[in-house]
Amino acid sequence: MSELPPKNPSLGVAMIGYAFMGKAHSNAWRNVSSFFDVPAFEQKVLVGRDAGAVAQAAAKYGWAEPATDWRTIITRDDIDIMDICAPGWMHAEIAIAALEAGKHVLVEKPLANTLAEAELMTAAAVKARARGAQSMIGFNYRRIPALALARELIAEGRLGTVRHIRAAYLQDWLADAQAPMTWRLRKETAGSGALGDIASHAIDQIQCLTGETITEATGTLRTFVTQRPGTEGMEEVTVDDAAWATFWMTGGVGASVEASRVATGQKNSLQIEAYGTEGALTFNLENLNELMFLDATLPVREHGFRRILVNEPEHPYLEAWWPQGHIIGWEHTFTHQVRDFLLAIRDATPPSPSFQDGLQVQRVLAAVEESAANKSTLTVVRH
Amino acid sequence: MSELPPKNPSLGVAMIGYAFMGKAHSNAWRNVSSFFDVPAFEQKVLVGRDAGAVAQAAAKYGWAEPATDWRTIITRDDIDIMDICAPGWMHAEIAIAALEAGKHVLVEKPLANTLAEAELMTAAAVKARARGAQSMIGFNYRRIPALALARELIAEGRLGTVRHIRAAYLQDWLADAQAPMTWRLRKETAGSGALGDIASHAIDQIQCLTGETITEATGTLRTFVTQRPGTEGMEEVTVDDAAWATFWMTGGVGASVEASRVATGQKNSLQIEAYGTEGALTFNLENLNELMFLDATLPVREHGFRRILVNEPEHPYLEAWWPQGHIIGWEHTFTHQVRDFLLAIRDATPPSPSFQDGLQVQRVLAAVEESAANKSTLTVVRH
Amino acid sequence: MSELPPKNPSLGVAMIGYAFMGKAHSNAWRNVSSFFDVPAFEQKVLVGRDAGAVAQAAAKYGWAEPATDWRTIITRDDIDIMDICAPGWMHAEIAIAALEAGKHVLVEKPLANTLAEAELMTAAAVKARARGAQSMIGFNYRRIPALALARELIAEGRLGTVRHIRAAYLQDWLADAQAPMTWRLRKETAGSGALGDIASHAIDQIQCLTGETITEATGTLRTFVTQRPGTEGMEEVTVDDAAWATFWMTGGVGASVEASRVATGQKNSLQIEAYGTEGALTFNLENLNELMFLDATLPVREHGFRRILVNEPEHPYLEAWWPQGHIIGWEHTFTHQVRDFLLAIRDATPPSPSFQDGLQVQRVLAAVEESAANKSTLTVVRH
Amino acid sequence: MSELPPKNPSLGVAMIGYAFMGKAHSNAWRNVSSFFDVPAFEQKVLVGRDAGAVAQAAAKYGWAEPATDWRTIITRDDIDIMDICAPGWMHAEIAIAALEAGKHVLVEKPLANTLAEAELMTAAAVKARARGAQSMIGFNYRRIPALALARELIAEGRLGTVRHIRAAYLQDWLADAQAPMTWRLRKETAGSGALGDIASHAIDQIQCLTGETITEATGTLRTFVTQRPGTEGMEEVTVDDAAWATFWMTGGVGASVEASRVATGQKNSLQIEAYGTEGALTFNLENLNELMFLDATLPVREHGFRRILVNEPEHPYLEAWWPQGHIIGWEHTFTHQVRDFLLAIRDATPPSPSFQDGLQVQRVLAAVEESAANKSTLTVVRH
């Protein structure tokens, strides 16, 4: 793998966006060096459209300077990394330009709002990688230690052959029919609803945990609250509140995914259950420090899901943090993500998940939508 | 409602079958009077094909006499009730004959192995009811106190409008690929696999809890272990190991059901989650004395699923049993079932669930199979 | 071990008392033969003071005849077994007379209300055993399959050396200060409060699980509600609402027990946690089908309490019941108790727990009371 | 409340110690401004004995400069705040000197290793406060949102009158008898073992949650592993591995605390249960984002501990963090602590918990040790 000569003794980082994801990514950049051995870098520029707001956010989140025009930033020699936390419909343009300018690029999920854009981005990433510019899509839940441990256990064969996976991502922030209209509820800005926003995480996990690829999808979508109060009266909600999908995967694995933003009482509950010939495991994001694991090769008399508090130095990422039993939080997943991105840049190895992985998830989402629209099951996922 | 004159001062009961279900039903008949005020009855006859085995079982389970020919029994004047625990393919013939002979009939689920038989049985039940003979299908989980409480809470509007339900029935007794071939794994004797055996319970609950009816179904079936060792070598498994279905119901309710007999580590896990506009509840059969209930009308600061130990005198059926916190077991649901059946006979009111309810579940199962076979979503449930 | 010649082809059983415990014991006698291979017996006589009530109870609970005078009953040749469910202050007189009359005796816990009575009973039991009359104290929780499994695991060394045990028995039926005065709240009838009623179960378990004996006790007692409404105005509560005790045991084991009948929200929560050098386990009576077990000899990366659903044919007592995952209830412990008592009679082996075991628990209770009264820690348990 | 004139436009902070606690405190200082509105401050100096190590730590943890002599630092005008994370035996000297130099002082718990030192420190804090120098003891668990919510609920009367509290702090890092000797296992350096290290947290919580004070203590201590491998062979362990205590408090509250560092399988399990006349709550540090709350004023039919995911903007400290259901970690408690300390400095109000609160906990610990030594229950806590 050829590699760009390091332009700067310390990598210069610019980030675009300072809302929810920008806040989480900033936290990762601000703290990663205090816990992990990573290449030297500087939080140079925070980019946003509102000059006043971005200046305030830069100061608050630890960025040296604010900026309003990302096009200028990607031309700067002192910037090596672009971290893109802007809304999904802006990803393609920025990411492709940044890659072409030779920057390493980290993009928040979803990769893009349309399949076409995602494909262009993936092509750009492949080309850029040949020139040494790395790229990565932000499926941060891959960096939850408990899910990383799950992946290890499956890879080691501790579940035997995985037969089926049961997953759900349940939230309730739209349960209230009076919750206001936002850009997330319009198809043109958000792409889709619960499907793209949260089912996508479950879909990435299903593939990542098993190492298998979804080939066929059956899907159903539903909008329970079809109108919501906007700033100028009631507006149509044009994305789904909930989504159901069944999948077949390579390796003969079956999977179901359910996603809802109206699941009253479920706050942020990504649930994954994997059943194999020799074991099983379950996970819930609301208790992200825990993995339930059942080893079916033990005597039946002792069978039971065991609650592993994934908080030991022996566990992925944990040596860097606190002594056993001192649990970590949701945002630590971003710190792990930045750590792995920086190490991949240092080692000139392709970071994972790649844009290609992001594209694959988008294709599955598209197949779910197509199945739902056509009322036909087992829609083929195009590759 | 007209009523047959009571033929006997004490109701005579005959039961057919003495395997798993026969054992559970016998336990209910043997104990119901010790806990509930029910009409007087006698455990008169246990019917089975093997004279020696049935005699032994009759003695063990508290039946006064054994018999091998159910046709003779249904002609006896001292028999008022027929409890049919024979395999599903025998239900139609016995039940119809018994109803025509003027007996009250309790049939284990599934109502029948084919839709045609189920329809004949339902017609017979309607006719018999006009003459005062009652009939009931044994969806015993309706008599789990926690699920009865769930039904009450939903009926009282404590969940507001139910939007969607997430259900699964997961077992693992077929996870081992070497588990032997049985009649339950042949389509001709069992009708279907996980779908008819266990998903049926979930489907009945979904409709019973909400009071709504399933109108459209999307389904997928899968046999993971396609051959199993029989007495004469490997045999084809001709039913599903696992089933996935998505439903639309009257009232705009969406539902998903997943059933598996290869879900390693799940022993008997019927899970039901219902999400409404004002509350939610969850249940798991492995902890059948508990209902989790979330009241979303409380301040957000206090939101949380509360674990109700459904074991208070205030709870359905519980006054009859033990002081609070002294939990009951799985088989108590059959005792409740017999109690309700006897009270319905006494009061000449139609017991619930009726054969019609059983038929409706069969129709949903058929729609799932049809959807799976045709690869088309949203298959209409025929009524 | 010499043995009385069996007087009757089928053992005749008489039971005294038909309140809560009488109902539970009756249920056990009525059902034990349907599940377990036990010697033949008959539920002959139910004894109580109120002729009308006892006749009704006998009919309801399956006893052939009622009686009001236990003295007459113990002289009957057709009675082989006396099951004593009368209040604790009556135990000594009845049990000693029954043993002297050559009957096998099962006594509900507590063995007696005073240490003196318990000692006389134990002496009588030893003498009677020499003549072939068996005796047993009803610590029914020893027959919970999960706790029986716990005992097996500890005996097999799966916990290594047990270092300390943390136990509690928490209920809340006295949390309401207006809950009325009863005989259970008067020292003269009840002996003590939460200490004797429920802490006694925990104390028995601690010794039974480990096979070790409590040698020193430190205790504190408290009555939070000192007066309660009686039939003639407010009355003094003269027993404890809650009790705390710390113990040292043979083998260097430490233990703590907390008992409360004012632990709001805890319905019947006997909690036991045992920590050893190589493993640990926890149990809660409100989920009595489950045992949590941690095997510390596994790699740290896999450490976790595993929830064993103690419901497999491989588990103690379970082969007799239902397929895996079909949970049993609280009253099944009495069925197991009667089964083990009958088998001990058949085999002429001393049943366990013996009166001696009941006496040992009484001695520990006495030491706790003495420590509480004297404000001195580590009060020696007299043997 | 008089106040020192702010010496510096931005408060200068120096911290002493860079081990486990120093790492956690640094994290708090580094991040607090990104989430909370706090007065401006600078991470100026990190102090440690080893010049090389402290330089490295300063760079890693975000401190502008390293230093090796705290005496010099407390004389500097640009330092306003001393954060003392040095071992307990050094607390008194540094804290008193810093307070006398007019610095605000934050001290990690325990306040000191001896009661005498703790009393001197408290006196110094009272004197310094009169001159405007604030002081605080680092019982960081007071800043767990779930426990802060618990405190609110109790203060609002949602539990009615609290009757008794059951608490434990269980860890297992000393379960292995081969775990090596450390300064934490020597009385002269550590003061005590599980008692001072972890039971102290439970004791602070018990008092803080209820607003009541412990007046009498009964205690027992135990060292299970009396020798451990040191650098020069086996060494005597001179502190306790486990501690048990029972307390009486003002307001008639009873409490029990158990602490162990040999509780195999328990990683960092601070458990607190509070039982009141009208409600109850339970908490476990391993799931620190959750509070279980039972409202006994609801109808009995609906009673149940509800799992509140303490992660809503309505909950203490949470508005600053992530959307609902995105859980926080253990170290966030230190960020909250620094936030509250800074706000108290800004507002010139005494921060809580004070040195006085720390001293009170030390007095309780001393009473437990005295009770254990004298084998007498209900040892009076001296004030």
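First chain written, first letter: the chains are A, B, C and D, and each begins at residue 1.
Assume a contact is a pair of C-beta atoms (placed from the backbone, for glycine too) under 8 Å apart; a residue touches a chain by one contact, two chains touch by 3 or more.
All values derive from a computational prediction rather than experimental measurement.
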item: Farthest chain (mean CA position) relative to chain C; value: A
item: A-C or B-C, whichever has more C-beta pairs in contact; value: B-C
item: Centroid distance [mean C-alpha coordinates] between chain B and chain A, Å; value: 42
item: Centre distance in Å when chain A and chain C are each reduced to the mean of their C-alpha atoms; value: 55
item: Inter-centroid spacing, chain C versus chain B (mean Cα positions, whole Å); value: 36
item: Multi-partner residues of chain C (at least 2 other chains); value: 266, 294, 303-305, 309
item: For the chain A and chain D complex, residues of the former touching the latter; value: 20, 23-24, 26-27, 30-31, 33-34, 60-62, 171, 173, 266-269, 285-289, 309, 311, 322-332
item: Residues of chain A touching chain C in the complex; value: 149, 292-295, 299-309, 312, 314-315
item: Touch list for chain D against partner chain C, complex; value: 159, 163-164, 166, 168, 172, 175, 177, 218, 220, 222, 224, 242, 244, 246, 252, 254, 256, 258, 260, 262-266, 273, 275-280, 294, 296, 303-305, 371-372, 375-378
